[in-house]
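Read through the structures below before going on.
Across the two complexes that follow, chain A remains constant while its partner is chain B and subsequently chain C.
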Partner chain A sequence: MDSSRLNEFYRDAFQELGNIGSGNAATALSQLVGRTINMSVPEVMIIPIERVPEIVGDMEETVAGIYLEVYGDVPSKILVTFPYKDLLSLTDLMLNQPVGTGSTLDELKLSALKELGTILSGAYLNAMSKFLDLRMIPSVPALAIDSFTAVLDTILAELSQENRYALMLRTEIIETETKISGSFFLIPEENALETMTAVIQKTSGVVDIG
Partner chain B sequence: MDRIKVGMADWKLARSQDILVTFGLGSCVGLGLRDEKTKTAAMAHIMLPDSKQLRFRQDTNPAKFADTALRLMLENFARLGIAKQQLQAKIVGGANMFIIAGTIAVEGNLKVGQRNVMAVKEQLEQTGIPVVGEDTGGNAGRSVEFFAESGIMRVRTALAGERDI
Partner chain C sequence: MGTKILIVDDASFMRMMLRNVLSSHGYEVVGEAENGRLAVKTYQEIKPEIVLIDLIMPEMGGIEAVKKIIELDRDAKIIICSAMGQQALVVEAMQAGARDFIVKPFQPSSVIEAIQKVEREEE
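== the complex of A and B ==
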């Protein structure tokens, strides 16, 4: 199906799916760092790929982008971003050090960031795949520290080979104490969309998608 | 003097004092063409190497692909009376943004930057337009300002400063 014609019903359904995923991801991260992690209600965006950079996020901001591909029944892409300025505090939390003690982003911290992507994605996908009864298997994480647009650019180029629209589920991740915030994007490919809508249709008893 | 923004899969034309600007080239390629005599410049933000390899057939945005973007730009130069023999090219971008240790899963997919650069060069070679400046590959994203008057391309990276080509 063409994601541009996604109706309200499916928008709501995808938002709910995002909720299930991000709830679990927040719990996983809270347990890991021993802090309260909030995740916002997911925003469902359907945007022509070319327009994504101008609509999503601060284009010039430098971020760490952790990228994973999702294999199985729901081929998707996952991007987790954190502002560059928060990376040291974030990795301090990850490595169980007092916030503010880290001074440089060394190998250990870079791999901690990737690990963070794996943990968040794993928890998110686990919850979602249980709910849908579909297989969702994340790849190993890849990391880029660059402007938000440049990070997104590669993913969008990949996506645009087979899709015209990007369906994005965006959730904000907020750590309340040190005020670190990041974004979690799940970007299903068009055929994944079909699979998911079919399952939603079946479970909700919707016959006509109108 | 105008700053003319070139979006993703977009292209724009500029004259004399104008500056063409594009942000965040990751694996995408910025192709700049310029005629020295009339100080007319154009820049495209190219996403993919080949319009013919697309599985999604309905895509009708020519600025998105290396092959069709160049054709489109040349047509527009021709309309202004500028022949392709008068043009010089500069290429920026085509980075491999994500560093992955020891995996083939994601790696195979993310070579699109390299393929973009190769495709743009191939198109230019076929058309006989010389490449007079290049800053491609690597692992860093780039933002570009292309000055129509001087032909200078100012390439900025998030963490490694800027340089002119």
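== the complex of A and C ==
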């Protein structure tokens, strides 16, 4: 499957998936930090793997990347990133401390960041699983603090050579007071995109992928 | 003394959150474990009255741990506390022997209500 074959109908379907997932994730994050969380309308892109860096933007920015595998009917990889400069504010919020009081990322704060990735991913996967009636089970998350290039390379290196396209679902997560922003990416493995479009096709009665 | 509870979660942050919620409501956290294998071992050692357990953990996940604990004690009272609220997983966990299912992130009241519900089943 490539972007030229993903017609407007499927783009709309994936957009709706992104909207529902983002809504769930915003609610989850808001509950976790006790603040109002806004999320941008998700960008849904089907792009060749080699174009991922140019879509992402500043690849040398240091980020915290929480990544995990998704097993089940739609094998995928999930990456949630937050800029390094926002991590202390983010963990202050999660630990219910005044923003700006944290000075180091200790073990508890790193654990909080991983849990944040788990909860945000869970919110997306729960929504997508319900929407598509597919089983999507995450792995234990891993956390890396490095340049975006290094974090992304770790994930892309594990993708099959056959998997030339990535469905990039990117949402900005914005806490209104502290302006913390983060991004969420879902990168399906080989055939996972086909599985999702086949379910959408079946449930909607669409005959031709177009 | 309040009801004795074992917390099982690989995230120390989540164990801390649960410990704070439980302690502030008069429950006694008698043990913590960071994966399913340690949960089974700790259950045998301290025989808690209720277990709060995550699903996705390294070494041994929550559902396998629930099955093993139920093998040891068919009356074990186990509540799942997971970010994964998919229907199939909830059913699988309940079939394995869990009594209730809380989806993270949780309101403290949801945790307390689930525990009280399990406690009432005992009466």
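For the reader, a short list of remarks on this structure follows.
Everything that follows uses one rule, which is that the second predicted complex is superposed on the first by the 203 of 210 C-alpha atoms of A that agree within 3 Å, B and C clash if a C-alpha of one lies under 4 Å from a C-alpha of the other, contacts with A are read in each partner's own complex, and residues count from 1 in each chain.
Criterion: contacts are C-beta pairs under 8 Å (C-beta built on N, C-alpha and C of every residue); 3 or more make two chains touch, one makes a residue touch a chain.
These numbers come from a predicted model, not from an experiment.
After overlaying the two complexes on the shared chain, residue contacts for A:32 are found with chain C alone; chain B is out of touch.
Within the superposed three-chain model, A:107 lies in touch with chain C and out of touch with chain B [touch as defined at top].
Contact with chain C, but none with chain B, is seen for A:94 once the two complexes are overlaid on the shared chain.
In the superposed model, A:125 lies in contact with chain C only, and not with chain B.
Contacts of A:151 after superposition on the shared chain: chain B is touched, whereas chain C is not.
When the shared chain is aligned, chain B comes close enough to touch A:53, but chain C does not. Between chain B and chain C, it is B that contacts the larger number of residues in chain A. By the touch criterion defined above, A:140 reaches both chain B and chain C. Common to the chain B-facing and chain C-facing surfaces of chain A are residues 139-140.
The part of chain A that touches chain B in the complex is made up of residues 49-54, 59-60, 62, 65, 67-69, 139-154, 156-158, 160-164.
Within the complex formed with chain A, the chain B residues making contact are 7-10, 23-28, 47-48, 53-56, 58-59, 61, 64, 95, 97-100, 103, 105-106, 109-110, 112-113, 116, 139-143, 157-159. Residues of chain A touching chain C in their complex: 28-29, 31-32, 94-95, 107-109, 111-112, 114-115, 118-119, 121-123, 125-126, 129-130, 135-140. Taken in their complex, chain C has these residues touching chain A: 10-14, 16, 56-58, 82-89, 103-107.
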